[in-house]
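Chain lettering (A, B and C) follows the sequence in which the chains are written, and residue indices restart at 1 in each chain.
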Amino acid sequence: MSRWKTILIHGFLIFFTAMTLYPVLLVVRKSVTPGDNFERSLSPIPSRVTLDHYSEVIGSRDFNGRPLFWRIVLNSVVLSLATTLVGMFLASTSAYAFSRLRFPGRRMGLMMFLVVQMFPATLIMIPLYVILDKLGLLDSLVGLVLVYSTTAIPFCVWTLKGYFDTIPREIEEAAWIDGATRFQMFWRIVIPLSRPALAVTALFSFMTAWNEYILAETFLSRETSYTLPVMLQHYVGTHSTQWGKFAAGAVLVSIPVMALFYILQKHLVSGLTAGGVKG
Amino acid sequence: MASVEFRNVVKRYSDHTVISKLNLFIPDGKFVVLVGPSGCGKSTTLRMIAGLEDITEGDLFIGERRVNDVLPRDRDIAMVFQNYALYPHMTVRDNLSFGLRLRRIPPSEIEKRVADAAEMLGLQEYLDRRPSQLSGGQRQRVAMGRALVRRPQVFLFDEPLSNLDAKLRGEMRREIARLHHRLQTTMVYVTHDQVEAMTLADIMVVMEKGRIRQVGNPMDVYSQPADAFTAAFIGSPTINLLPVEVRTGEVERITTIEGQGFSLQVTARFMHYQGDGLMGIRPGDVRLSSDTGNLQGRIDVMEPLGHRVLYTVDTPAGSVLCELDASEARWKPGDAVHVVFPMELVHLFEADGDQKSLLLEGGTI
Amino acid sequence: MGDRQIPGRLLESLKSWAVALLAVLPLLVVYLWSAGQVQEQEFRTTAQLNAFECVGSSEPCVPVWVLRPEPYMEGSLVRFRVIGTRPSGKVSREKDAKLPRWAHDLAVEAWQSRKGAVRWVSKPGHSAIRTAVFMDDTVHVGQAPVRGQYPDVPWEHLLVLFVFSLFMLLLPPRPVPVIMSFVAFFYLANGMFGYRADAEPDWIYSFSHIYEGTDTALVVVWFLTAAISLFISISYALNRFKGWCRTLKEHRIAYTYVLPAILGMGILVLVPFAFGVTLGFFNHCKGDYTFVGLRNFWEILSGGGASITNPLNFWFTLGVTLMWTFLNVLLHVSIGLGLALLLKNPLLKMRSVYRVLLILPWAMPNYITALMWKGMFQQQYGAVNILLDKLGLGGVSWFSSFWTAFTANVVTNTWLGFPFMMVVSLGALQSIPTSLYEAADVDGASSWQKFWNITLPLLRPALFPAIVMGSIWTFNMFNVIYLVSGGEPGGSTDILITEAYQWAFKRGERYGLAAAYAVLIFIILLLYSWFAQKLTEQKLD
């Protein structure tokens, strides 16, 4: 490769990387500079550094004076973990059946999981709103857990099925001859062998719940039942523009999920190409 | 230890038949090799014994017990798979003991059996490794060890050596032979490799298109093939099959075999056949001569194999393979030669249908 | 292997179902329509009773003329004269009050029937019931307001539909039993629940009174049709049910494994989905739901009275949505593929650093991305405007005109979406064996030819599904639109999904209309993916 071509390629890549990083850096800058609004400056380096926004976000309190931020973090963590657990349990069992067993309705079921991804959330949302309203579950996390895990299931089923398909059948046959039951084959052979795919689908379910905004915004109205996305949106909602607090909150919320994402991203790629995208 | 018996077994997938009316008795303690080209149903037969495939019709017995509806884990069999099918997430020790643990065998007993198997297969040093850290031959040993520790009534092998290189294959083959000699347990072995079949088998079962072509001692199958398919499948290089016309005189009891450019007269014992046939003769049985012979031809290709030389001779009857001792090989490509068919080594088959052998009991002419 | 053929075989079975459903659809529509008619009838009846009460009462709710027939009339025609008006209590002596023509005509009608008469008046923004009541030799005429609510849909109708759809599941997807069962249910339902407006709808009443006054022959025909159809369809269903029990037993392990997920999906997605689709046929007003048939769909598809350039018009929004989807996917693929091609070379320095940094947008929660870009496009402090200022171009008020707002949305979503395409392309590029490029090199191909003849065709199997998936995601990308432009200016940058949301939660809780929107979105996406599937199959052949 010629020298100029190399420089040109690096130039392109640096340009795009800068474009990618710049908005994020501005948010980070905002989170450590005082004031509610952005500065009229393009430099990503803050002129003055303060951690006020962070302490304000973390130290926020509800009407009764109890710490609000940690309450909301707890909401989000519980919500996301519950969603992941429920989603993983439901998805892995059915993906196993879809991958390994032949039964009438198999194709219909697989297709259903594909088509369900096309349901617009609003179509589900209105009935759910009505149903939850009637059940008096509007302001609770239970409803959201159920909704989130079912949103995550179709993707998880397809990804896991794609991965299960790559595990040689002979391994299970060997286990069968060795004396394993169907459940032991699933639990002691297939599940341990699918750890990468399970990690990816778990990440996906977790991200679904951790990042979901609109259903939470619609269904939750009490401050103490908010999730992190709703809290963040309220900083820059129609009536307020507290960009400083938003930025600090955004950094706090993004760090755990981005860390998870980067730990698992290698698998994410293979997981996606193995099953999810093939559809 | 137990025998295995198929009685009129049929295996059908929705529309096509894989195995049609299989009848086979595998005596207790014998080493039986199912051999045939790919797609002949030999693997399916083996998997039916294992219980991995349902039986559509007929009965399968292991020992005295009809096992059609018995789960694999209750059949008391063990199987070695082509790709080993080791549990990748377990150590060798866990791989070996998995089946025993599932069967709730006491730990001390498990330990003893694993140690025995490891010793027998030379796996002691590798017990704490994962399969991914082992070479192909070692994995193969683990797969066999996993079957060994179970001490089953029947061992099943599904092309266990096909993923190994030629040298290792020979080694493992001898290992398996030694194992059988030591255990004297019934073993059923599937392969498409005739060398494995010839060397390992007490009883060789030649299969094609879901049917059994011939069952017998390997040497008998080689020297007295029941049909043209078996003759062509067993033996390397492949037997020469030449189209001929067979005429047997009523009075003289003399059979004339007439092919393109040659004619043989043989005294066949009680053979009454008129019509088209196939004459088979193994390349090692064909002789060449510079001056006299049954068929004139010209050397096309010469392939030295060390102490043997393989000639391909162009003749009016088609290409004829001829394998000679290196010391006799004095012809070069392009030389004119005479091909000699020793009368007593010729096989004769019907030209149509199942191409059954025309020679009666005793085989040779 | 077998799975590859799923779409093809499924299409087969879908097709036979579609045939059956198409055969039934007209009957279903007729049924729904007739149910709607019954509603309408009942509504009108109550409204008229209300109007009679209003005009005829001693304290009428509207001004009323009191008329008396002229005593000296010849022939059959009647003439009326005003003897007074009645705003409250007693009759006042305003004889000069001018009597409109319609009041006179209505009075004649009422006098002839010796009861009363009504005429419905309906103008935009105003509807009334012109009412004449005959009382004690006088006729009272007034314009009463329309009172009374659209009645609730009787739950029996929904029950019938529900039972019917359950029953349909039991039938093999063949037209004969399906149609037969429909006929049976149609007639039975009509017989049982086709109650009259003045009757209380209840089971026992229906059974005992429904055929009152109906032609006996007709009743016999109804019953016979229903009985025969029911017999045929039930015998089919029983057969099928037996088969089901058998397979259920045979594959019980498989079903045990699938059950939890299917149950979860069924309860939390399919039921709300069915509920949502049903909602599309209703109108919602302050907690009351009224069955309106296909009116929501008609309102949407006809543009709801708004012109095609009006953002409230469905076709306008659909156009914006399609443009939005196409532009985004195009940008995602070209940027993603371009970067992947640059990153493909394993000898490139800092390759993994670039890669890790470039997938950052994928890792960020997308609502944060959206809000972040909203800040970037802020008029006063936004980085974009500051940059434009520095370049001497002057700031732009991004969300006050359609194109700038649309651009802001697209920029945000492009930033958000290219890493996915990049990663997919990178994975696919790495799976192309280098020996192909070496062979092409030996053949003397230029790098452009190599891209066009090797890279692109071999990328297609991986890229095509990713594009289909990506366009579905973009089509339904709620967060970016809602959080960045929020539909500004004036809802023009709304795409279908945010438009549906606006109808449901921002513009007077029109749940029914929003549900109808969502159904349309679903249908569009289903058609799209079906089409894409067809395309892939053709490519594979």
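Note that a residue touches a chain if its C-beta (ideal position, glycine included) is under 8 Å from a C-beta of that chain, and two chains touch if they have at least 3 such contacts.
Predicted model, so just to flag it, every value in this text is computed and none were measured.
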item: Closest chain to the centre of mass proxy, which here is the mean CA position; value: A
item: Identity of the chain that, by mean CA position, is farthest from chain C; value: B
item: Distance from chain C to chain A - Cα centre to Cα centre, in angstrom; value: 29
item: Distance from the mean Cα position of chain C to that of chain B, given in whole angstrom; value: 67
item: Intercentroid distance (Cα basis), chain B paired with chain A, Å; value: 57
item: For the chain A and chain B complex, residues of the former touching the latter; value: 168, 170-171, 173-180, 184, 189, 192-193
item: Footprint of chain C on chain A - complex, ascending; value: 1, 9-10, 12-13, 16-17, 19-24, 26-27, 30, 37-42, 86, 89-91, 93-94, 96-98, 101-104, 106-128, 130-131, 146-147, 149-150, 153-154, 157, 165, 182, 186, 207, 210-211, 213-214, 218, 229, 232-233, 236, 243, 246, 250, 253-254, 257-258, 261-262, 265, 268-270, 272-273, 277-279
item: List of chain B residues in touch with chain A within their complex; value: 50-52, 71-73, 77-79, 81-83, 85-89, 98-99, 102-103, 146, 150
item: Interfacial residue positions of chain C with respect to chain A in the complex; value: 3, 6-7, 9-10, 13, 247, 251, 253-255, 257-258, 260-262, 264-265, 268-269, 271-273, 275-277, 279, 335, 339, 342-343, 345, 347-349, 354, 356-369, 371-376, 378, 380-383, 386-387, 390, 415, 423-424, 426-428, 462, 465-466, 468-469, 472, 476, 478-479, 482-483, 496-497, 500-501, 504-505, 511, 514-515, 517-519, 521-522, 525-526, 529
